[in-house]
Amino acid sequence: MTEKFDVAMLVGSLRQNSYSGRVANALIKLAPPELSLKILPIGGLPFYNQDLEAAPPAEWVAFRQAIAATSGVLFVTPEYNRSVPGVLKNAIDVASRPGKSSVFNGKPAAVVSQSPGLLGGFGANHHLRQSLVSMNMPAMQAPEAYISRSGTLFDDSGALTNQTTAAFLTTFLQAFAAWIALITKPKG
Amino acid sequence: MTEKFDVAMLVGSLRQNSYSGRVANALIKLAPPELSLKILPIGGLPFYNQDLEAAPPAEWVAFRQAIAATSGVLFVTPEYNRSVPGVLKNAIDVASRPGKSSVFNGKPAAVVSQSPGLLGGFGANHHLRQSLVSMNMPAMQAPEAYISRSGTLFDDSGALTNQTTAAFLTTFLQAFAAWIALITKPKG
Amino acid sequence: MTEKFDVAMLVGSLRQNSYSGRVANALIKLAPPELSLKILPIGGLPFYNQDLEAAPPAEWVAFRQAIAATSGVLFVTPEYNRSVPGVLKNAIDVASRPGKSSVFNGKPAAVVSQSPGLLGGFGANHHLRQSLVSMNMPAMQAPEAYISRSGTLFDDSGALTNQTTAAFLTTFLQAFAAWIALITKPKG
Amino acid sequence: MTEKFDVAMLVGSLRQNSYSGRVANALIKLAPPELSLKILPIGGLPFYNQDLEAAPPAEWVAFRQAIAATSGVLFVTPEYNRSVPGVLKNAIDVASRPGKSSVFNGKPAAVVSQSPGLLGGFGANHHLRQSLVSMNMPAMQAPEAYISRSGTLFDDSGALTNQTTAAFLTTFLQAFAAWIALITKPKG
């Protein structure tokens, strides 16, 4: 029987019908048997403020518990001003604290960035990766996922219709499943 | 008579008595006659969501107007996970939209990062700078401001007591005043 | 009479008929009357090694003098491994030393990156910009120049045939001329 | 019997008695039984130029073969102008080509940066990490290694005398040995 990995997806856009949300939904449909992908909402998380740790907001607690229960984290993000949207960075800040007990620590991660233009969210993608280092999240390196011209890939209902992208995302998810298996498998 | 430039300071930490807040307060006190520095609060800004632009939240509108009325922007920030805190990135995302009428466009900017450790918030500093490019904010390059060991620079009341840092910040602000004058002075 | 600015172009590829070289040649042809662009060769510069500063290689000395004589620097670069090619970074390292007398100090700069793919050399572009900060080179922020699909823009002789790109580069150079004028014009 | 991993160290400074070289020598002495560290010289590699691939320089061929024979790569680097020294970036460019047969592909990697100042080469460290992504080199995330005030850590002979640094580097190498074992161990 195949082992099944639960993966949390954090989506960097709050817009309804956002391209990032559409990519995330496509990923759910394309997931191989080894992966179970689920979007964790981040729009209701209060801004990180260390003063609140004495009595952390219920939203923080629930979010951290949800992350803790997963085997990996998949970031799906647009690029805002050549970097990660504030709402997504805030979710990262919340999940990564308090320091000694970060629920991100050691969890395998992967990044998909997208943009309606050509650049595919490269700036957001790599800013995110810089954060993964200090949070000790082993990051899948290849394949890199920069989804360009995201506005042309979906039909009106939001379903992915571009077959090249579908094939690429399938390959990406297979690689991520293998990455999670590699990072989390028992030693020797 | 000296021209006076109003400068908005955006502070990346919400914590009371935060080191970034202390640095910002020190900057206010050290400002040369050409600069009037004021902290614009960012903790009450709803997360950026393009769907809301049809009827933008009052907090967004007021924040954008406050930025529009200034001659420059000074970012004072800690580093969260080797990047910009979500709350500060969100303020940037809000101010930069909608695209064609960004209140940041053309405004001279400078960055001060700080950390309690040695690294001085380098990662946050340069991620911020990458955003300044696409927002067309002419960025002061020198002096770079990475404030290390920020926990050792203030007394219990939060006043800056380290004289080397005070001298450095004074120089920094003089350079920023000159930078604003250079960027905004009339042609010919 | 229009003031004329001499600008040094540093090209990040050594390949004959490289796309970066073609972009640089197109820029020369498209330059407005205020700019005189010239490529400074960098392939013959010995690797930077501080031990050699006691008796700097003739190539270093000549290169530094050539930079010193210009009014601005324009970087034209491909992306190697998501960053600046070694040969271009070495030229930067050479020009920026020794520290106290860097010929780059204060010189206005701009960056054009290109790639045969979609991403337009974004990674190289922004890594370069990070270096510009510490070298105190005021960097033009807008327009950003990420030239995508560079393999489709030229004819067999290497001449730029894509009119959209030609128009964009013309605008870019006009903006750079204005940027140099702004940064270097005498105070008050 | 313990498996032994051969690791190539690429050192970013050509200066005799450089701090990076001293760190590399200290790493050799501190290596755990599972690691055999060796410095691969990079100062004699001709600049990367794709035109030369038809008949690649002997130095390139030997360097690529030496990398191919290792089980991992450890980068030890100073920071030049907030980024990777040209000489080290060139070595990376050489090893990573030609694309389809890169000897870096899949090799586990780690990064140590150092500076005589406080910042510990953060800028070089993360620029390097951005390159590791596209070269598909699984990068060890923790512990991060930013060696500050490197000028104070060694005696006149170049031997590491700072015990805190020695203990840290020992931990770092143990983690790297475990990382190589994890990444390279046979599936199932």
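Letters A, B, C and D name the chains as they come in the text, with residue numbers starting at 1 for each one.
The definition used in the following text is that a residue touches a chain if its C-beta (ideal position, glycine included) is under 8 Å from a C-beta of that chain, and two chains touch if they have at least 3 such contacts.
The model shown is predicted, which means the values in this text are computed figures rather than measured ones.
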| item | value |
| --- | --- |
| Winner on C-beta contact pairs when C-D is weighed against B-D | C-D |
| Chain at maximum distance from chain D, centres defined as averaged CA atoms | B |
| Where chain C and chain D are represented by their mean Cα positions, the distance between them in whole Å | 29 |
| Separation of chain B from chain D, taking each centre as the mean of its C-alpha atoms, in whole Å | 36 |
| Sites on chain A at which at least two other chains make contact | 82, 123, 126, 130, 133-135 |
| Contact set on chain B toward chain C in their complex | 126, 129-130, 132-139, 141-142, 144, 182-183, 185, 187 |
| Footprint of chain C on chain A - complex, ascending | 82, 118-120, 122-123, 126, 146, 148 |
| Of all residues in chain A, those that touch chain B in their complex | 14-16, 43, 47-51, 80-93, 96, 123, 127, 130-131, 133-135 |
